[in-house]
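Letters A, B, C and D mark the chains in the order given here, with residues in each chain numbered from 1 onward.
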Amino acid sequence: MGFLTRAPIGVAELVAAVSAPERGGVASFVGLVRDHHGGRPVRALEYTAYEPMAESICAEIVGEAEARWPVRIALRHRLGPLGIGDVAVGIAAAAGHRDEAFAACRYAIEELKRRVPIWKRETFADGTEEWVDPTRMAAANSEEREGMAPW
Amino acid sequence: MGFLTRAPIGVAELVAAVSAPERGGVASFVGLVRDHHGGRPVRALEYTAYEPMAESICAEIVGEAEARWPVRIALRHRLGPLGIGDVAVGIAAAAGHRDEAFAACRYAIEELKRRVPIWKRETFADGTEEWVDPTRMAAANSEEREGMAPW
Amino acid sequence: MAAGPPGPFTIRVQLFARYAELLGADHLDVVAEGPLTVGEVLSRVRAFPGGRTIGVGTLVAVNLRQAPLSAAVTRGDEVAILPPLAGG
Amino acid sequence: MAAGPPGPFTIRVQLFARYAELLGADHLDVVAEGPLTVGEVLSRVRAFPGGRTIGVGTLVAVNLRQAPLSAAVTRGDEVAILPPLAGG
């Protein structure tokens, strides 16, 4: 377990957790809280999750990546209130070869976004709050690339 | 300049150097000193460079990546004696969207390996030393994947 | 899952994020006279006040895994209705 | 580059890593009677003791950039012969 955390996420800790002398290539990804979304300035946000399912699906994704490539993966997603620039999600993938490290890291972030039950409530600069709905954003702002993905 | 360093490289510092509220996706790569190469156990190694050219080519590569994608790149390569597990190279690429961050990070490490004049002298467990020649390794050990790339 | 004893039973349906807000609760209890499909549970939930805001194609999890509308829900199953995911 | 005054001049050729070891020096001076191509400079260096270990297809940099064998080397240029790169 332990894929979800209310404490700050450090990329160095994730990289260290998977590094080893025989796994010399480490690809990582961190997603930070952006200061705007769909063209609107964001002041703060809060992540919530269906925690037991989110832990279970994260474990499943890590297991899939480690079965598909000879890698070790570390993954953390933050919950609770976050400020602009805070790390929301961090992934590190270590492998003997960088192709595999990049592929596994990419797989993990894509699957996390697609499958892990986590939700995000944004507070905009004007004080209004909104649950982020990526499916609605994509439809409403298909001409505006900013709106289609959190990053 | 400052792409080359004799001090330890920290991935967190590279990520922090490029992160910004409008660049919420940060892909990074670190290459660690492996404990074997071409099937032989490695004890230590030393990197040397044609330093003014290496600095110049690193700047060129970063400039190319930042022109091709809307990213900010941080890149460091270590010189001097390194031990097993030390970070030899570190790259972070921050963008508004993770596609761009991954693509730019990957571009930078591939071009660095291909174009930057840096050399590596390995000391094997039996005390013998050798300048690493990736072109010779690839030819001699084409059946042995370990030998084809440092990671 | 064992079928359990016959007769009516209660299905605890968990709600999250926007759905919890719209229905004013983080869970609802659906009384089932016998086994239901996921689709039938969803219909019952949509009949609660505010429930129409839940799309008919929304994601539903049974026992921590996404389940199709045709999947069976039996006594003791943990059901959750998931608004559009926004992690990462 | 300006052509500079006529007459012979010295081209400082830098050597690195395995090439520096094999030739026992981190640089060599090639005396040129006039402008040379990169390929001609390389041939002069290969004539030094140990120089045959430098491949004819090796990378050569002029003024910090890779240069083809046909490129001209003139007075004041910084030439470097680069063994196979192994950074990263």
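Please note the rule applied: a contact is a pair of C-beta atoms (placed from the backbone, for glycine too) under 8 Å apart; a residue touches a chain by one contact, two chains touch by 3 or more.
Worth saying up front: this structure is predicted, and the values here are computed from it rather than measured.
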| item | value |
| --- | --- |
| Contacts common to chain A and chain D (chain labels) | B |
| Of all other chains, the one whose Cα centre sits farthest from chain A | D |
| Chain centre separation (chain B, chain D; CA means) in Å | 26 |
| Centre distance in Å when chain A and chain B are each reduced to the mean of their C-alpha atoms | 25 |
| Intercentroid distance (Cα basis), chain C paired with chain B, Å | 50 |
| Contacts with two or more other chains, residues of chain A listed in rising order | 31, 109, 150 |
| Residues of chain C whose C-beta touches two or more other chains | none |
| Chain pairs in mutual contact under the definition given at the outset | A-B, A-C, B-D |
| Of chain A, residues touching chain B in the complex | 10-12, 15, 19-36, 84-85, 95-98, 101-102, 105-106, 109, 145-146, 149-151 |
| Partner chain A, residues of chain C touching it in the complex | 14, 16-18, 21, 59, 61, 64-66, 80, 82-88 |
| Of all residues in chain A, those that touch chain C in their complex | 31, 47-50, 52-54, 56-57, 77, 88-89, 109, 112-121, 131-136, 150 |
